[in-house]
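Note that chain A is present in both complexes that follow, paired respectively with chain B and with chain C.
After this line comes the complex of A and B, so read on.
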């Protein structure tokens, strides 16, 4: 039932007056059957356009889209056997919930009795059985979203497409629906393609994510790998909360004792590191807030003033300022005795650094001193 | 507080004066229609009458061609409404959903035609319909009325479809429904207030038209009500009782329509805001 998808050099060009813009630019990727695949990125990155091309709601300027081995590029939406949930939910306002969910079956001329059976089973799956006689306006936002999902899955489509389905809901409901959708995916086991601008949704729900930027997928990988081994500075700062600390550092002491220095701090690096950074005098250095550790003064890499402390519950999010003004974030357990304004000592394990190219933003090194480096 | 109060009352006063101008002629029409013939021209003319009779109405229905005029008016209005609803819906949908060459020109041109007074179009239409043999026909008069009401109705429907979210229609497509099916089952119910206001507008325009019917229909058997009414004004006598009785009957459907549909009508006209 569930299919795999292939996008081959898919491009979408919009023309605005004289100039044309590639909303999706030569995108190629494979989505395996049963996968929960997420396109994530800021608005205007081409993620929704990609989804709409998969749905057939947007024509493909060049390239091909395949469902398993079947080329569907020129097949209209109606012939693609997909289910889609829209950002604005888009329930049919003049139909009852029963009619909404059963609409695709009615269009497919499924016998009335069977429609009723399948609508009821779907409603049960989404715990909205008691709402079938109602109209969409009588339901809350979360219930409406369930109906929209029910309408999309009732005919067991080859692919289920979700376009920012949770953005219309409030924060609490969003978390709830997130796990609900995941549970649903485990149960119906169909291929799900999900679009969101919310990296938390992308991280928590997906088997794999594609981080989109300017119409290109800049990194396609499992969420944990994207978090641990970001391909670019922009990905590193986009994925993860709070954002990764990234700052300028210079590469000194070539030859036997290569070092990275910034703010009067100096970190020795290995030969291999230096080789990877060859030809550069400046780099962008990154470390996740979770990698910054509070340590005794004699073990510290750097010294900073705690300027703001935001309790997150078990941990705190701390804004630190170095002597030269550089600001860093730290997430960890900070004792109550350490107040705002006090001087604290912080260490960062060499394996937790990322080094990015100062101009292109591409990653040059995951981890320093040959520790925890991902084989590329 | 007091300023608010004063403003409110001034608004009421202003509306009341307006109401007198609108309501009094209607009241006078109804009273005259129901006054016995013998008392009609007998002074004094009291504001409130005590004796009423159906004399005028009975004569109107039995001794004049009123029923033929009524039938003609109904046929022409029904035809104009049908053509308007179908054409305005399809055109409005096309304008709101498709990008095509000359779209802006088309939209501007429809409004442009709406700016001509009917009488200006009536004479060229007379010449055209004479050539085509469409004078004294229902279809000719229906087309003439459509030419006046359709442009505005296309605009109304265009605006209406623009506020119906595209995702509604797209949801129907992903469910397998064809474009036409999605239009009928999903879009039209949402656009119903627009369709109803378009229908009312088309009806009212056709029902009240004098200029086209007067010029295009020369055979008394094809007269519509407004033109037929004018025949009650003769050189030697003006049959006020008949005129008012028929005016009363003519105004009833319009009242009924507006009264029943005003909710939709207001929504239809407010959509552009």
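After this line comes the complex of A and C, so read on.
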């Protein structure tokens, strides 16, 4: 039976001597039953602390945590009916796989026969049925993590918490386990709260993600929305590979012909755009590498030197340099005939631009309105 | 590597460990072998001759009731003392592992008994437990726990327990150190995993702490078991095996044969018997518990 979670003004303060830091700062959000919810962010952003507070492994300095309508803020971990998977796996090395998976049932004094049944069903779900008699040390990292997941889900907890469960695994295994966890989520249908620093994991697995920064959730939304409509420059550059290109541009040509200029390129913008940017003389302009398109010279917005080409298989990741030294990334198909060092022509669709505030980093505009922006 | 290189290396090895080996040979191995061969001779302090008597010393010894009584006392003393040390070590190890106030000072204090010379401990305990002036009896009398002072080291029924507690106190800190070191190397994630599975404090102790301590506890039991079985000094200092033979363990009994009866041949036979007992117990222990294998699996 899965539950929804509510975090109400949750704050975690760590004090070091006279100094105190809010690792999690006044965080409020709702997680609906059955959701795959991911906290993503760089290390030190408060994502793991948040998860540990939900688990009860870390006390809450102020605020409340609710499972459905029940306030669990003061309930210790063992009373919360959760399942948890840890980054360092943490199986009991002296117990067999069978004992590891069945541990929570043994603690709950479930009859032996039923424990066996449920352990076997869980092992089947995770394709480790043939490993039940072994000890953890005899298993590979991926198999161990499956056992850890089995141990967490066997008693069908209200909520399943996963703390960077894949970061101890190698790249190929990580991709495999990613889809495995997703398939599991579809089958057991429980609420999953997932913590990762890997934005690809966050993007590919989650129903919704919370991007954490300095103890705050700076954006909570569906992965596609976060990608398409980042709330801040920091979110825009964190989510998506390679990172979004962001550079300085100045805003001038007031009145009837407002325009953004940078690197000798001038782009007219609509009146609505100008209104949104009112009062500013400088902005940060962003465009995803995938939005940069190779075009014939007469359709180009800008001209750049191809300084480095990294083939990704179907596409290439290209490092471009403009005349004044500004570097941009482009991801797309680049013909083999275009070699490093050659001059290429690039266009960016106006709707693909993001405009951010130069100081606060907050987004001001997702896409520029004028359909006919071209270099003039 | 060429032949000359390897032979030169062999020379270095010999030069490095040779002196130590010779020293060990002269001070340990030769005396031990000499002592063990004595078991087959009639050798007393009053007779300069050494007559080969075969197994006669052993036959004499094995027929003595005193030997079997001493063996019984040794077993009681070893198990009692090691048990006390393990309990002491577990209790203070767990206590000092908690984040309590003054933990650093407590940790230093707990090692102190281990650093004290045995003679000091023997004398101090004789005073503390003295029936007339001892502080323990004064307290017990004051609180009305007892009506008459207890003769801790002089009473037939309490002398052994008192010796056990004294050695337990002296060597318990060794167990505290090893157990504390092991406790601190337990991955805290294991406790968190257990708690996330619904385990409370007691279950965490049973399912995380104890299994992780298993190897350490077995190791302490073996090392301390051998030590306590051979223990001589403290018992001799406090009771000399008395009252009557209440605390006369094997080492005390053998010492008496050697230096009260001055029969070195029979004493050597006694040492031989002790050696064989320890050998058999150690082999059985390693067959059943193999602590090194435990460590490998736990990694």
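To be clear about the criterion, the second predicted complex is superposed on the first by the 369 of 376 C-alpha atoms of A that agree within 3 Å, B and C clash if a C-alpha of one lies under 4 Å from a C-alpha of the other, contacts with A are read in each partner's own complex, and residues count from 1 in each chain.
Basically, contacts are C-beta pairs under 8 Å (C-beta built on N, C-alpha and C of every residue); 3 or more make two chains touch, one makes a residue touch a chain.
Only a predicted model underlies this, so the values are computations on that prediction, with no experimental measurement involved.
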Chain B and chain C placed together on chain A: clash or fit? clash
Touching partner for A:39 - first (chain B), second (chain C), both, neither = neither
Between chain B and chain C, the one with more contact residues on chain A is chain C
>> Contacts for A:104 in the overlay, against chain B (first) and chain C (second): which applies, first, second, both or neither?
In response: both
Note to self: Looking at A:137, would you say it contacts chain B, chain C, both, or neither? Reply first, second, both or neither.
What the structure shows: second
I'd like to know which partner A:194 touches here: chain B for first, chain C for second, both or neither.
neither
Check: chain A residues flagged as touching chain B and also chain C 55, 57, 76-78, 82-84, 86, 88, 90-94, 103-104, 107-108, 151-152, 155, 161
Within the complex, chain C is touched by chain A residues 55-57, 76-79, 81-84, 86, 88, 90-95, 103-104, 107-108, 135, 137, 148, 151-152, 155, 161
Residue set of chain C touching chain A in the complex reads 187, 189-190, 192-200, 203, 207-208, 211-212, 214, 297-299
The chain A residues in contact with chain B across the complex are 55, 57, 76-78, 82-84, 86-88, 90-94, 103-104, 107-108, 151-152, 155, 161
The answer for chain B against chain A in the complex is residues 165, 167-168, 170-178, 181, 185-186, 189-190
